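Per-chain residue numbering starts at 1, and chain names A, B and C are given in the order in which the chains are listed.
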């Protein structure tokens, strides 16, 4: 053909608006894959990389790369705030593992990540933080179980620490020397795994065991800053949720359980925890949580519960509402971790397992809406307390937790 | 007529001292990870929770450091850095900076050098430092006292009234504690104390709270010596 | 055997201009275009007008297409790709494959790659702009289409919007994305579109949120001053980080940096000023013709700044945005330069071959 026809341009205009579907291509990921660097350094003898156990599930992260989440044989790196004042949070995480028959250990050879203190007061430094991290990793390695991080702050902090250790040989050396004094090798896990990623990966198995219908429950999701803003590529994304544009780690779980997820306009906002602020400058935390998160959720989504996946976020959102109510603000949304919500949906005891009596905002309307007889459960729990008080039992056990 | 002065201006700090502190900031290992160049575009401020409540700007701090404005950085190190909520929303910076990370370094330098403003910011915080340093866990159950957290609601009183029973009514065995968040092995604590010693953290604490430092020193040295470690 | 023609890959503005220029000096052209039409991105993306003169894009492109049609020296192959290439200057052997799978071998003297750019996909953006969540978030391309139809509406309601904003530098100037360059035209294009919107909707409030305003040369008063002074477009120095929905509006969060305060304002329509990335065709031709790509991913040239079109592969030249962000004037200028160099390559080798054979050399 030698161009005898003059081609009019208007004929080509597409008539319909093309469907907006975003495709991720891991080959086009803009950042390095840190895990390749981990293995390179291992090959050079810099450290040992603890491998993810074979029994794992693959999930997708921000740039389309795959992350493997161990189903079991996990060493549970606990959270100060959860164990300290939201014990139902960590208990629910363990309970879910036990219900699904997943092997784990709950170590005493574990220190806090110490990041709460670090971000609050800066009374530490990069070397101390890295040493604390790798000491915990070494402790896990010694048991053969793979670290599973409970707190969002720990998770984000450890992701940052990993970057620093990879890119700063001096830091690695300093930390290796400290570990040597402790009689430990330098260990780094192949992945830093957050428990909410485990719940996400296991959500279908959890949903299968659901005993309460949550389809009438409206949920707002609050994602933790330290989960997805620190080292942003290492967070779970799903092309079918939010157009693949927001982290889907919690939302996927809520939808799989059958509850409704409602959106609100301050979704990406921090809760206002502030690390230092929540302890010694609470007006900031309280104002921020109330004005930017809770009131907006109430106005725009009117949820039955707000779910999040980090210690600081649960604390902030739950504890900021009391004083705000005294000032006539539009608050009153119960705050739970998704672990507790999933556990409740599966029939966990609201007090023995979810330990809701430690929460500030009234959760009873939520339980009623889910069809959970909290009065009967509270009476049971009071009897447990009586047995402890009288000395008949020393502790509430896992068997007690599930007794009926 | 009463003279209005800011708390920090009543003592004149020489320029060389401000410069010395600035240089310490730039020599931190992480400095170049956290500061490349600055567009002064405002994404960090747009994302920042503290910018909405305080007269605080991660952009201005980053700009001041990038411009090597010694006087302004010193002022910010004293007046602004403790307003940051360390959420790292500012890590969205298109140049790849981390204003929050820069602030972490500024704070560390303030603490290491015993700046009065750092001590003030951490007033009322000592018991928390004590708890984390000595028990290896942060806020422990016995810290939930109604006079410490009156704004958290009446449940705090319920917790403190029933603390012992309620802690024993938690299934995981590691949670049967009141003075720490979970049970931590003695050996683990020893390792932690060694880490604090070997990384200079105790020296930092000495700068901001001598009393706290003395207590921690005693606790840690005793524990370490028991396990056969000598601490110089 | 030396080729006597120039192969031009890509039928957009640069390719069309190059074809016209090569034919004007009497050298045959084979113009290959993978789409079923000529005109390139201005046609596929339904551009309303060109920056900065606001000349109707369809009219301009139709003129360019007419200029190459019905010319015996210009062979146009639509729905055709170059799938293999070998040889050197004066004597390239290329394989052309049509959409039906038919192949054809061609022998040419030089090649001009004019495969253009793709618009940045806002789903890859570092900031949270919600393009894949909210239909009222558009790109410059979506806006061009509506402006071409002279019907600018809010997609969610079908009604004219009252508050519209542009967000600059989407997909450009971002180390976290790996696009460490400025896409050059988006400030001008956004200003142009702002003017066009105000002409259609004089009562609408239009904002442009920027980091720097890139107004080269005469764009300064042709676009920037004109937009501000004649059309009251609001330029706000401070870029946006999030777009979310609140009730009936979108809400954008940014900082008004000159006022030094965070801002959160409602908008009916948000237009993302998406930048340029190397096109799929450019990446493909780089592989097929072994053309190196420079560090931003575009085709490398040698001799910059005094030579904008010569690639490291002798006999192969580049014109237009395949070499990096270019405005339409750049592309046309490069096309003319590339045409000249392509023709001189062909002629030089034809002449050398003629001399060799007339000296009684080996068989032919």
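Note that in this section a contact is a pair of C-beta atoms (placed from the backbone, for glycine too) under 8 Å apart; a residue touches a chain by one contact, two chains touch by 3 or more.
What you see is a predicted model, and the numbers here were worked out from it, not measured in a lab.
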### Task
If every chain is a node and every touching pair an edge, decide which shape results: line, ring, star, complete or other.
complete
### Message
So, comparing each chain's Cα centre against the centre of all protein Cα atoms, which one is closest?
### Response
A
#### Entry: Centre-of-Cα separation between subunit B and subunit A, whole angstrom
23
### Message
Counting only Cα atoms for the centres, state how far subunit A is from subunit C in Å.
### Response
43
### Query
At what distance in angstrom does the C-alpha mean of subunit C lie from that of subunit B?
50
### Task
Hunt down the residues of subunit C that sit against at least two other chains at once, touch-wise.
126, 176-177, 242
### Summary
Residue ranges of subunit B touching at least 2 other chains are 47, 52, 92
## Note on the structure
Residue ranges of subunit A touching at least 2 other chains are 232, 268
### Task
Show which residues of subunit A lie in contact with subunit C when the two form their complex.
1-14, 17, 20-22, 24, 28, 30-31, 232, 242-246, 263, 265-268, 300
### Query
How about subunit A: which of its residues touch subunit B in the complex?
78-85, 87, 90-91, 94-95, 106-112, 114, 116-128, 131-132, 135, 139, 156, 163-164, 167-168, 170-171, 174, 178, 181-182, 225-226, 229-230, 232, 268-270, 272-277, 279-280, 282, 284, 286-288, 292, 319, 321-323, 352-353, 355, 357-360, 381, 384-385, 388-389, 394-398, 400-401
### Task
Sort out for me which residues of subunit B touch subunit A in the complex.
28-30, 33, 47, 49-50, 52-54, 82-83, 85-89, 91-92, 104, 107-108, 110-111, 118, 121-125, 128-129, 132, 136-141, 143-144, 149, 151-156, 158-159, 162, 165-176, 181-185, 187-189, 191-192, 194-196, 198-201, 204-205, 208
### Query
Of all residues in subunit C, which touch subunit A in the complex?
31, 35-39, 43-44, 46, 58, 61-62, 65-66, 68-72, 74-78, 121, 123-124, 126, 128, 130-133, 135, 155, 176-179, 242, 244-247, 251
### Query
What part of subunit C is in contact with subunit B in the complex they form?
126-127, 169, 173-177, 211-212, 237-242, 253-257, 260, 262-263
